[in-house]
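Below is one structure. I have some questions about it.
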């Protein structure tokens, strides 16, 4: 699945999702429970603002010296016998991975959860050469067998599906005969996938954090699937976004502590695994061959711009989990595998404004995202920057809005024009006012009055009242 | 060890430097002094007994049985716990600590006599180890470092200790010497870094394991036991 | 103490009672209130829509209008937060950077000014009924004013203040968001109103007229018996 989800224009997607009561209930429940849980672990940890400041410093330092740390990482991977491929584009990355699969005559490939392999659309490339590609994260597995339903959340990809839907998919595709009890469903997936781990030729993973100093990669899961994906097949391929790197174990530790708390409200997830190169000589498990694919795919064009902070992201989805807009429209409305506030900032950068011009406006700028972000990405400010670019550079703003803003500029820059304009307001609105309010407004007010009353302008502006009072010399 | 290949690096890194608006920086960068270091404040000043109390509480949250014993009682407690998990087959690494902790008799005599199948990881047997792990009901290993805050056991892979011992068996038991308990991952990271700085190669796999495997991917319902072990226990040896 | 009032466009035009209450309240607490006539708008509607050039012209006008003020007090957390952003926006501008810094340094939201500068929590107000308070996003997250409104409201005689469930959630206003993304905004404000109804409040109190226009406008459309009041009106109430 590429970054873009092909599911129609923005308002069609939003409309469908607003009608999806199960999804909305699931998201609201996840957000409400997650909110309490996250605040609980943060409070228990203590000094959260210091943690955020530390995490931000680590991410900024690493990005500012990214060439140095990638150099160090690649040297250390090679020293341990691993191969490193730097891919400027999705095509380069896919091509390299396909060549390995061909060389190994791979028939079965198991994968642990990886957003970047979704982004570069790797699976179809491998399937086109006859490989069976199996997602092993339970959520991803469910989506894959359901004819590649797109993920709706970067941490809980199948959040939008209920257990009855999952049961039905299992029945249809896997010959499942049991109930919709999540335990039974999960046990069935366990049995199915167990065979796959043991017989796969290649294991493919993402990377939460690469460690430059030791040439290691860190994988964070609760299920343990990434461990089986990397322990059993003879070849391991790890695909990482080029920015997912830290200097040493010490910084990895800090960011993992913040990732697990921010993502799922856990002190640590069940499995944090640090892998360095292929298996050591004399080992009886672990891959015989290890490849690290470092992907740019548009990231470098964000470096050095005002959007650079978005590359600090550690994919925890804390911003998604507090977003009031995501709460109602769900992940699929974003039309991108990256949803929520981070998706609204990142998708236009990686995928362009043509496909994602609405996303920067799908925010009330409430800043809940910015407040929740463990690495202090100023998400709502970056959304405003997108809007500025859409207005100034892309010229994609509606004509009526441009006209209104021109009037705003004239009216607010000149006190006399402002006074004149506002003085006219009650008269201009007079014909729409009924019982002191406007129920059906003209022009831009129309959208407002679709669902809300608009107040009628006061007969006397505040400034008139104040001036009269000053003249009268006595308080009213 | 044969050095691996590196493809397309120069142009890739040059582009990054170009985007950052400066000359390439390929050496000579050192980490700054981070202005905040709150990680050292967590459980600071806790005694080993205090840390154990934290670990015990944390185990309740991570669905993990917590059992304390002395070295003298270890063999009995371990045997009992394996029975509680339904008995063998059992898989263990070839770890000298089993002998040091007085478990040789259990492993080599008692269990075999009771027809509890036991497999001791042997790299010379290759793939057979994996098959044994797949068949195993219980995997047992010694924690190398234990993190009180999160209830995590840290395990370094080595020839004699395969990775899948911790993942393929249905249940998992970690033996935790009290002396291995540190406040949190911060201390573990420093221990590992000191080795790196000394030029010691880090093991190809380091596992930080916190309880049994789980998932909340179906309607946010927590299911314990997905791809890895379905149950876990820590047996803490209080006098080691 | 001389206070220069930045009344905000919404109050100037629509919610004049909140402006009047602000003046009376400040005077009662011994302030001399001044209203610089040259004030217009903080620039937020344009700035948040991406029209930075247009916004800057409004911002410059504000800096001119309030150049001589000792304290600038605004009965709106969102507009005050916008003024506080000026230094960031004019950073590196040789003509305006200093002016932006000075303006931001002397700007206060009303409740912040009462509690932090005037050091009062009991303003002698009384209002009878059950009320809940909507914490505006910009006021709490951008301006960092979280406690002041509660400290003041706790001292209002006769007022039973009940916590609003999911108080941290946006009401769905978001300036132009409310019209550009109307169907989404509607769902957000409906959820907010459900929570207000859940606690059976007679009054919904807020410190930002944008949020109040949104919540109040929806309450009006749905015909709910909930009265919407600006906090200045509550603190000025004597009944």
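Per-chain residue numbering starts at 1, and chain names A, B and C are given in the order in which the chains are listed.
Quick note on the criterion: a contact is a pair of C-beta atoms (placed from the backbone, for glycine too) under 8 Å apart; a residue touches a chain by one contact, two chains touch by 3 or more.
Only a predicted model underlies this, so the values are computations on that prediction, with no experimental measurement involved.
Taking each chain's centre as the mean of its CA atoms, B is the chain most distant from chain C. Across all inter-chain contacts, the pair with the most C-beta pairs is A-B. With centres set at the average Cα position, the gap from chain A to chain C is 32 Å. Per-chain CA centroids place chain B at a distance of 53 Å from chain C.
By the touch rule above, chain A contacts chain B in their complex via residues 26, 29-30, 33, 45-47, 50-51, 53-54, 57-58, 61, 64-71, 74-75, 77-88, 92, 96, 136-139, 142, 156-159, 162-163, 166, 182-183, 185-187, 189-190, 193-194, 197-198, 213-214, 216, 222-225, 227-228, 230-232, 242, 247-254, 256-257, 264, 266-286, 290, 294, 296, 300-301, 303-304. Interface of chain B with chain A (complex): residues 1-9, 11-17, 19-21, 24-29, 31-32, 34-39, 41-42, 58, 62, 121-123, 125-127, 129-130, 134, 147, 149-152, 157-159, 162-164, 166-168, 184-186, 188-190, 192-193, 196, 201-221, 223, 225-229.
On the chain A side of its complex with chain C, the touching residues are 14-15, 18, 32, 35, 322, 324-325, 327-329, 361-368, 370-371, 384, 386-392, 397, 401, 405-406, 408-409, 411-415, 418-419, 422, 425, 437, 439, 444, 447-448, 450-458, 460-463, 465-467, 475-476.
Of all the residues in chain C, the ones that touch chain A in their complex are 7, 9, 11-16, 19-20, 23-24, 27, 35, 37-41, 43, 45-54, 57-58, 60-61, 65, 137-138, 141-142, 166, 168-170, 172-189, 191, 213-214, 216-218, 220-221.
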